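Okay, handing you the structure first.
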Amino acid sequence: MKILVAVKRVIDYNVQVRVKEDNSGVVTENIKMSTNPPDDNAVEEAVKIKESGKVKEVIAVTVGEEKAQETVRKALAVGVDRGIHVKSEGILEPLAVSKILQKIVEKEKPDLVFMGKQAIDDDCNQTGQMLAALLNWPQATFASKIVVKDKSLEVTREIDEGLETIEVNIPSVITCDLRLNEPRYASLPNIMKAKKKPLEQINVADLGVDTKPRIEQIKVEEPPKRKSGIKVANVAELVQKLKNEAKVI
Amino acid sequence: MSVLLIAEHNNKEVKPFTLNAVTAASQMDQDLHVLVIGNKADEVAKSLSKVSNIKKVIHIDNEIYENYLAENFTPLIVKQSANYSHIVCSANTFGKNLMPRVSALLNTSQVSDIIKVISPDTFLRPIYAGNAFATVKSMDQKKCITIRPTSFDPAPSSGGSAEIVKEEPGESSPLLKFIKKEEVKSDRPELGTARVVISGGRGMQKAENFKLITAIADKLNAAVGASRAAVDAGYITNDHQVGQTGKVVVPDLYIAVGISGAIQHLAGMKESKVIVAINKDGEAPIFSVADYGLEADLFDALPQFLEELNKLNTIQK
Amino acid sequence: MSKEVMEYDAVIVGGGPSGLATAIKLKQLDSNLNICLLEKGSEIGAHILSGNVFETKALDELIPNWKELNSPVKTKVTKEKFLFLGRHKSLSWPTWLLPSVQKNHKNYIISLANLCRWLAEQAEKLGVEIFPGFPASEIIYNQDGSVKGIATQDMGVDKDGNKKDSYQPGMELYAKVTVFAEGCRGHLGKQLIKKFNLDEGKNPQQYGIGFKEIWEISEKNHQEGLVMHTAGWPLDNNTYGGSFVYHAENKQIFLGYVIGLDYKNPHLSPFDEFQRFKTHPAIKKIIEGGKRISYGARALIEGGIQSLPKMFMPGALLVGCNAGTLNMPKIKGSHTAMKSGIIAAETINEHIKENKDLSIYEEKFKRSWAYKELYAARNIKPSFGWGLIPGIIFTGIDQILFRGKLPFTLKHKHADHETLKSANKMPKIDYPKYDNIITFDKTSSVYLTGTNHAENQPVHLKLTNPNLPIDYTLDKFDEPAQRYCPVGVYEIQRENNKAKFVINSQNCIHCKTCDIKEPSQNINWVTPEGGGGPKYGNM
């Protein structure tokens, strides 16, 4: 078996994002970038399954500018076998990314595709489900536990009401929750070895995919600042206001 | 053209957030139809037909729709979509799982998690975990949209009389099967979805004092939250932490008790509809975001608060 | 369990200007050398904070064609100002009356973090192996007592010291020469100075704490290339310090404040002095209507040559501010740090090839321009021990009339942790409230540093005596850690009238001030898990 893991380069989750003065987006210059956190969980799970002997090869793929391959290198340093970097500039919508990944799946013929449940930059939460639809594969989103069986996976999903367990046939697309596992650290020798692992670069134009944006980003603004309200004199007044003015209790 | 809203329900009742989605959807177009896919979900279809903004309820019923498998729902929605300009549903785990699958098959770029309808093709949505708001315009003919329910008021559940149209079910997907669902049984609602959250901070001084908070939480059917300082001090476990590194909550009512309001905490709760701050330090930053601030010692204020709540005849839950 | 081992010709600890210059020069001298550079920050530049008005002398020597290589050294200094601040007024000092060390034409306003990122790219092109996210936590010695190398930090250890699922043992890296380039108050450098008595016969080292904020200001207030320094208010005459305001590119200004850590009043809060400084009319008018986009702080070395330790020992060298090569009166250390790195590289190459003793490093350094300028500047900082005005008068005589050639050297008398007076004998300082427009509190400031440490790991700020803060320091000095820490790591909490000393180590921005200023030297800064600490952008 073979697993393809998709990873995305995003602004590091500890960095406070700042809206550009011209409202065209957020500032990304001189800012620490990292792998999208749940993508690390996806990589970890794929590597774990490989270590259990059920999978022969794990491939990491990313789509984006030149520096996006750092995320693939990081995946290679924790046990992924080889990498693919689809080079593209500018914003790609999840629909375009899923079409690109579809091409990579057709080329590499993996049995499973893993990725994070959501990217922390655009917060779209779409790519995995879209890819599954395009491939007509089943999907298991928000996975917090994966059990590999012969021809299927038993996946526990984190849903609003609690937990749901489903069994999806192989091939399938799995999107991973932060609770799935604790990603390992890369060791120094493995980081060095990762530099020598194969990393194929593909130009997005060569895949023949329509990546034209369908959504126009008109502006990006800071969230409105909350105005401070009033001070109440005592508890009785507070309860009265909550009941009659705010109508929340 | 018309809007098709995918209803979320448990085959017996409509999930409350569907009504919030009704409000958003009817802002896109007045001609709002709702699709109910379920198993023996007649009651659900009936109750939705009474919602005032809904013009038509399409009901597809079969035992294969007992559970929400996106693979089974998607072909039905794609088939229905021919007549609609907008396909919408709530942006909770149900809608997040389902809608992109529909969107991809319709070859349209989905707009996720909108918090405002600016015009039928232009929406406001949070990005970077709410640290920025993007105004986006969908250029696709057919639009797939998910709605953040807490950003819209629920539509009135009565006053309407929509027709209910039954449609034929499709086939069950051979690609997967449902095994089980374990609903988290808790006496209190989940922090992430609770209508009311009451949180304690370092001002609680010790773990035992959190019982002052839980007593009020029980009364208001609220979830219990905490600041990182309270978690670090060991007063409460970290699954209660609200803030940048904890959970982001957007309840109708957020009550911050003994929380100074570090910016990391504010990041996790400042989108709440109504914020109450109880703190004895009148200069605490939490007051700058509070709708109602009470400058008082929490050890006096909390018991009084409970007493006042007990006096009320009715409490919204 | 013995750790995995890797061997190199040289291992460099720290990816600042001195460490990167060492690495680059080594590869230039011999591309076959195996060089490894470790950095505790999550990327090169993440832990770099500096003014910075940059003198290119060392860069010119290291990479003469830096202008053609798209280096981030772009904004030339076009104008200079020096202001003495009173409470409300300011007096502009004519620049022709400034000592030449404080003149900046020919220099550039840069982000040192960005320069380091660029230097790291150059180093990697030359084949240096750079590993960000790997703190060197321990020194490894040979049996003969010489330095063998370092060990990297174990990762995935919980707060009680147990191994987590993600546990990843550290490695031992051995080198023919290990170069310590940790910057001011490096925690391994501190151990080496003690073990090898490197500071024997030297004055106690002197430190300062430097704050920096980056503001985006309105076009009309911005003059790209303008460099302004101030002295005076809000500090009293007996506290050494001053500000910088550098107008960088993209309508940004680098606004900072440096305070000598030899201050005496335990009630003094360096952070609040900086915040208060911004309310001066001369400063407020620049930033009004602007937006603060970054914040950070870092300790810096002020001791000069009187306190400069021996920079070599068997198997290892100290470079840059891990030794203390900053030129305080010039408020510049990047050029001298890089120069020390270049000389270290030459030394290592000769040591490996010709078996020359590492002591030639110090001889070469003493013959260099870097040492000459440190020598000329040696008396300025100690003269301010007499107070601001006498210090200025002396500096004028020393620098303008005698150009630093007076035939005596003033001494630094005390280490910074010895200077605090009892809290009850010193005046309390009433700092103004933060307005959240120009002045801000510590929590919203630390938010801008992007600081985080993985949860559930051992606290990296170790107390030698855990009871001392409450039993002694609180009573005697009103626990000054509450105030000298620029991000509020240390707090005194009172619970039922019982005081408790709380360490919020996740907020630590690795400035090292606590390690320096704690009156009993009771706080020991050690490396946390790799990648922790601030994530500075263009600081």
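The first chain written gets the first letter, and so on, giving A, B and C; residue counts start at 1 in each chain.
Keep in mind that, in the parts below, a contact is a pair of C-beta atoms (placed from the backbone, for glycine too) under 8 Å apart; a residue touches a chain by one contact, two chains touch by 3 or more.
These numbers were taken from a predicted model, which means no experiment stands behind them.
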Chain at maximum distance from subunit A, centres defined as averaged CA atoms: C
Chain centroid nearest the full-protein CA centroid: A
Subunit A-subunit C separation of Cα centroids, rounded to whole Å: 37
Geometric centre distance via CA averages, subunit B-subunit A, whole Å: 22
Distance from the mean Cα position of subunit C to that of subunit B, given in whole angstrom: 48
Touching two or more other chains - residues of subunit B: 288
Two or more partner chains touched - positions in subunit C: 447, 452
For subunit A, residues that touch 2 or more chains besides their own: 16
In the complex, subunit C residues that touch subunit A: 4, 6, 42-43, 46, 111, 113-114, 129, 131, 134, 152, 155-156, 164-166, 168, 171, 173, 216, 293, 447-448, 450-452, 530, 535, 537-538
Complex interface listing, subunit A residues touching subunit C: 12, 14-16, 18, 21, 30-32, 34, 182-189, 191-192
Partner subunit A, residues of subunit B touching it in the complex: 67, 69-71, 74, 92-94, 96-105, 107-113, 122, 125-140, 173-184, 190, 192-193, 196, 220, 252-253, 270-271, 273-276, 282, 287-296, 301, 304-305, 308-309, 312, 315-316
Subunit B-touching residues of subunit A, taken from the complex the two chains share: 11, 16-17, 19, 26, 93-95, 98, 120-134, 137-142, 154, 157-169, 172, 213-224, 226, 228-232, 234-236, 238-239, 241-243, 246, 248-249
Subunit C residues within the subunit B interface of the complex: 433, 436, 441, 443-444, 447, 452, 455, 493, 495-496, 502, 504
